[in-house]
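Chain naming follows the written order as A, B, C and D, and within any one chain the residues start at number 1.
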Amino acid sequence: MIIPSIRFQNYKNMNTDFILADFQRVRAQSLDACSGLCLEDYGLQAAVFASPPKWHLAHTSWFFETFILKPFSEGYQEFNPRFEVLFNSYYNGIGQQHPRAERGLLSRPELSEILAYRNHIDACMLSLLDQSAHPDREEIWTRCRLGLQHEQQHQELFYTDIKYSFSRNPLFPALHEPDSSDKSALASSNVGDIATLAYASFEGGLVSIGQDVDKEDAAGSVTGFSFDNERPAHKVYLEPFSFATRLVTNAEYLAFIEDGGYERPELWLADGWNWVQQRDIKAPLYWYERNGEAMEYTLYGLRRRLPALPVCHVSAYEADAYAAWAGARLPTEFEWETVARAVSEASGSSGAITLHPAALQPGQETQQAHGQDIGQLFGHCWQWTGSAYRPYPGYRKAEGAIGEYNGKFMCNQWVLRGSSCVTPVGHARSSYRNFFTPEDRWQFTGIRLARDI
Amino acid sequence: MIIPSIRFQNYKNMNTDFILADFQRVRAQSLDACSGLCLEDYGLQAAVFASPPKWHLAHTSWFFETFILKPFSEGYQEFNPRFEVLFNSYYNGIGQQHPRAERGLLSRPELSEILAYRNHIDACMLSLLDQSAHPDREEIWTRCRLGLQHEQQHQELFYTDIKYSFSRNPLFPALHEPDSSDKSALASSNVGDIATLAYASFEGGLVSIGQDVDKEDAAGSVTGFSFDNERPAHKVYLEPFSFATRLVTNAEYLAFIEDGGYERPELWLADGWNWVQQRDIKAPLYWYERNGEAMEYTLYGLRRRLPALPVCHVSAYEADAYAAWAGARLPTEFEWETVARAVSEASGSSGAITLHPAALQPGQETQQAHGQDIGQLFGHCWQWTGSAYRPYPGYRKAEGAIGEYNGKFMCNQWVLRGSSCVTPVGHARSSYRNFFTPEDRWQFTGIRLARDI
Amino acid sequence: MIIPSIRFQNYKNMNTDFILADFQRVRAQSLDACSGLCLEDYGLQAAVFASPPKWHLAHTSWFFETFILKPFSEGYQEFNPRFEVLFNSYYNGIGQQHPRAERGLLSRPELSEILAYRNHIDACMLSLLDQSAHPDREEIWTRCRLGLQHEQQHQELFYTDIKYSFSRNPLFPALHEPDSSDKSALASSNVGDIATLAYASFEGGLVSIGQDVDKEDAAGSVTGFSFDNERPAHKVYLEPFSFATRLVTNAEYLAFIEDGGYERPELWLADGWNWVQQRDIKAPLYWYERNGEAMEYTLYGLRRRLPALPVCHVSAYEADAYAAWAGARLPTEFEWETVARAVSEASGSSGAITLHPAALQPGQETQQAHGQDIGQLFGHCWQWTGSAYRPYPGYRKAEGAIGEYNGKFMCNQWVLRGSSCVTPVGHARSSYRNFFTPEDRWQFTGIRLARDI
Amino acid sequence: MIIPSIRFQNYKNMNTDFILADFQRVRAQSLDACSGLCLEDYGLQAAVFASPPKWHLAHTSWFFETFILKPFSEGYQEFNPRFEVLFNSYYNGIGQQHPRAERGLLSRPELSEILAYRNHIDACMLSLLDQSAHPDREEIWTRCRLGLQHEQQHQELFYTDIKYSFSRNPLFPALHEPDSSDKSALASSNVGDIATLAYASFEGGLVSIGQDVDKEDAAGSVTGFSFDNERPAHKVYLEPFSFATRLVTNAEYLAFIEDGGYERPELWLADGWNWVQQRDIKAPLYWYERNGEAMEYTLYGLRRRLPALPVCHVSAYEADAYAAWAGARLPTEFEWETVARAVSEASGSSGAITLHPAALQPGQETQQAHGQDIGQLFGHCWQWTGSAYRPYPGYRKAEGAIGEYNGKFMCNQWVLRGSSCVTPVGHARSSYRNFFTPEDRWQFTGIRLARDI
């Protein structure tokens, strides 16, 4: 029997093999991601926001234990009662949390114990999922699907967190050496090699945004997973707009810098200008000069900065200032979703992750939207939108502690759309709402431009 | 000839008397507001955000000097060249600024010199406005109108800033003793005296939001002033909603506190919960207990806290948590404007300012919107909406330094709608967008509830 | 009858006229010091350490009220019960204190009320001092003497605090214009005009340091006032040392700067180097450049910086680094006192205060110590010693709250010796121990060098 | 041939075997100390002051490389040029330093590489020390002796740093389980079991303090090692004093707490009181309550707090406040040294280190000083003195970067005398001056009382 790729379909009418396969595959990916680490890296935390690899491995297991095994698995025995607090991220409804800034101080429990914890959780989950007569089977499967999406989010965070932590080591460790396919992704070296930046036009009007909870289609299957923050589907009125056909490149961003971009307050939001002044910001997060050469720290180590690659690791402030300089603006999240819906779903998310975004070469990897080519929507950089992260009309968070997943963060954050080079395969979709505070730069964040018409 | 009340009408087809009258009246109000101060109060600044009265008097004059007299008044002589930096608030396009946190350190120039500065500006402005043949007459009048609106904003800030600064003095000074009309506003002492809180229903749909730049009507006159952040008029799609018929009271808010409101994280946004924890917040800003009695600091001094008055000086976090506790939510700014447009314009803003909001008594002061009574839209407390402060589609800021007025603040702030008891008469309107960061509490901020239908 | 100059003699065998005269004269000096202020200056506080003039006027009165009138004046009526907390500086034994950083927020009580408070205290004190049969007369007179010394300390702080607060105003106000005698003090303009820096030798050995409580001499009179931190007299063993004959000048200090003094860590204490790096220190506190000219902010305003004047407003870190650069070291407080005892007592303190230290001209104003000329011990700059401020052997603080006067500060502070140009006449003596933390620079602090032999 | 125990004798007239043996033994002890760690512990740094074990292992090797191998070993090849910056602690004269607060972020180089670094240094040092004809042989041996003392200091820091870092892990890891001798040290459980606290009297007078640089005695050998801060020997005059015969116990300190010690400002230095208030200090650093039982975190894990053990991990502020409460004071460092010289040298430092101080049982382990028993001078807790850490008269620091070893820290620190349970055997002596800032508590610091007579 052939197991399909991970797509997080609704499992209602499917047999148990599918969910078991998905569970095992996602769980295995978390360990695969760590293959480039030495044991001493597992506890590394160079900032409050950059959790150690060991913590991610434990917390994702904690999620299944807390929200599925404890409430639904009769007679379940906790692996270690201390873990309830140690690996609770931010769920006040569950109770106390080990301080976020001190996750890196947990040299104990050792990695070996965390791996034993994962094995324990895996065994218990597989057993529970296999109970075809469990009275809460539907809720268990729903939460399991959420737990797997949650684990995929932490897989992406694993990459961005270890990148940040490594970047604070003057030796600039590489997580991996590039293999041959990575090398090709990094090959484009100048802007001449890439597709011209153009603007595709969209007419706007009353559009549909977001998703409803899984609805069965005619065939009795359902359309896919969504987080609560993508719900419900609702109407938004858009003015006509145009949308850049690819992301902004390093070369283009360098022109902004060389034109005094970081010294001209008129280009910046007031908060952004304060941020630039107080932290003496002069370039994207991982840009360096070494012996007069332009370098960029990547998960492949410190490498020559290539002009044709998308600019990456910029804050919303920088994205907004760049757009002002370029005579454009950031798209709203509604414009972005409208464009993405007009092209084939989640394009660019096929294939494996890479450790750095790639250049868009002419004719390559674009989709048609109303007859217009749009590239790099998914799989390279998350794209700052100009939209503040607030609930959709009619938004309802879940009851209980699991309701803390998304809703409580809807303040002072900006929405990013798309996905990045390290987003797990199958995790991206047009309605996905990622969110960070506007000064955050350690995610793979890039710049998509838009304009009023 | 009768001079109309201050309405900031477009002056295009009108004679000079109108603008001269408006100018003189608004300028005089700034001095009137200070009548309760002693000389030693004029330099008081108890927080970065709470500018001294003397600074407000100087900066509002600086605005006319910088944006009108210097560019348009031939041969204009600066009153004092040092003032360009000293009284620049945040206009990077003009140049350096005296540090905001150190405005209170300017014991010199003395008040007498600031009053001379005001007289100098007044004389020069009156002379310039009177030049009927000036080639830039239209631009001068447009900027003058902006300068007067700007001065009115600082008149409101004068009250909120001195209230905050006085509140840090253990003697709790009163700006004024209440006169007889104030007393009546403060008279309602229990919730039984006031109108029942109900929810009026609105059907939503595609609505018009914001204002276009003044358009002449058939009679050649225009509709009124707006700031750039209210423009352009555009369409927004609203789901059906209901809207509370009055503001939340002290008594209702106290019930929230007594039900553990400040100790239940599930009611709060994550940022709000951090704010509560880190600052040990337990009540609205000016609530005190004295000898077991519930007190509230007001500009009339420390007074008994009356249950029927609107709760005031709450952050957006508190407003949002209260709404969650009450099974409601904050209205969006578009819902708020839609309701306000349905009732008579700027109702409640007639009459004089008072130093504290008043209770809504049964049958009093409400307006009909689609047959439903809505009270306290204007003239009591600014009302936190659930909308982040971002530009309207097609928003354009002005060219040059004057373009820093609004646009650069469109980040990490929330929109408030309505007006407060200390908003100058004639300054409020349905499309007005006030904005503060969600933790700000020193404005007269209150809570309006809404619900999905 | 002739009233002697203020010398704070022990009053035991003297008649009441003397203490009444001293009281009135010292109290009047506090008001005299304020003669250059405008009313808006009285509340100015530009740093935690720089109390407003109004606060000094109130606190010195509070001291008499708290430690004399309340315990010893039968039926005494407090002027205002709120003042107990408002004007308590740091006496935990008395109770709560208005926060030190918020003294500048007390625009109320107004100056007029503070002056009334002073008058009330004066009247009550004069009446109490005049009660020749009071059972606690000796204790009252002892405490009165302490209160007057305390008031003189605040007179000096008045000058240094207002200097600091004025210096944060870009207008650089002058407290006074220099009169003719000031002008002469400021006249020396180059190092050639002044006495050569030499080192006088002292043999050390077992010396006596400090003072015992007033002991009657043969004639039944006593030797003078001392604070508890100068007591008891005790022996200290000194190695032979040499002692610079005058203070370091601006010109000499400039040579240190020009030789890279602030960029060479080997010259600095580790804490000092951190301080230099973190605060980007490059010169003494009030040094400025204006249009390429070397300037110094003084209480006479911003003036040309004269090479021959003593360098002033340096931290202990700077003094220590300068000494290291000069191949010398700071004297210990015991060496300093030993030298001062060898010359005539409190020389240099005769005459009036000036608002800035003066140059030492050849042959002028020096004293002979063992045949060697020593200048500028008193009346110009406090002199950092290399001694940490710790209690003398056998030190006992007073019982009760008044015991908090000195002893609790004996930690992390360095001793300064001598007196400054703004130390009140009659306040200085050889055994006086002034103390500040090593980074403090707002006092008139200068550099005296010493060497091992 | 018998190799003597590590005593750091001057090696001038001795053969090479002795220094080689000392070198190997001390270097081996650094690795022995780590035997209780798992690999993930090696990078742990829970505070700026608590360096990771791996860093200590590297830095002690760096010291030999930097100050001996590079200048004196011809043709020496650096192990890794990046290490010059990575493992420089604070020597500005050598160059840049990896930030102290970020030592824990160095997951790379891995431990295996650090061990290879140690092996490389060991081999090169042994070879260099063996060159009997090296022209700088005496300087090499002198610096080697300093390097070994330096490494011993870091061995003690290893224990105190890992204790602090472990204490921030809620699992409270033990470095080791107690063996049988440790158990006996921890056995005393109540104050009745221990020697009564008495005060021994000393007459004071002119005493000799400190050491001169090694002087040959008649037999041509020398007296032992000293750091520059112990030099030169000089005279100090002491008043008569008495000295407590043992350290203060947990039970005695608990009585201070129960008498309101942490709530009575009159007992505290002003800085100490601020520290207590701002950090909400209520007990020594590692005291905890668990289920109503008094516990203490030790390197043997979280254990019951025994009344008879010396109180440990107190700041100088706490020590000073306790002394004030007990009607005593801290001894000066000169009093302490005078007492220690009167008993047999470095008593208590024989035998092995333990991971926690032990109780003083009646008759046990005391020395006679002028016929009086004095216990616990060495081998239990460092003892806060009342002396600020300042240079001795005639102090000279070494030339060059190695001169940064001690002198630059002589500011805002207090002297501690004696040694602790984790001080390496052979490292303690009567003239040893340890120093920390008064708020530091992570060393094994205890309280010795003294009194004026």
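Heads up, the rule we're going with is that a contact is a pair of C-beta atoms (placed from the backbone, for glycine too) under 8 Å apart; a residue touches a chain by one contact, two chains touch by 3 or more.
Computed from a prediction, not measured in an experiment: that's the story for all the values here.
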item	value
Required minimum of steps from chain B to chain D, each step between chains that touch	2
Neighbouring chains common to chain A and chain D, by label	none
Separation of mean Cα positions, chain C and chain A [Å, integer]	62
Cα-centroid distance, chain B relative to chain C, in whole angstrom	49
Rounded Å distance between chain A and chain B, as computed from the means of their C-alpha atoms	39
Residues of chain C engaged with two or more neighbouring chains	none
Overall pattern in which the protein chains touch one another (line/ring/star/complete/other)	ring
Listing of all chain pairs that touch each other, if any do	A-B, A-D, B-C, C-D
Chain B-facing residues of chain A, complex	90, 92-93, 206, 234-239, 265-266, 268-273, 386-388, 390-391, 393-394, 403-404, 408-412, 438, 452
Complex contact set, residues of chain B against chain C	38-44, 46, 82, 85-86, 98, 102, 104-111, 165, 168-171, 173
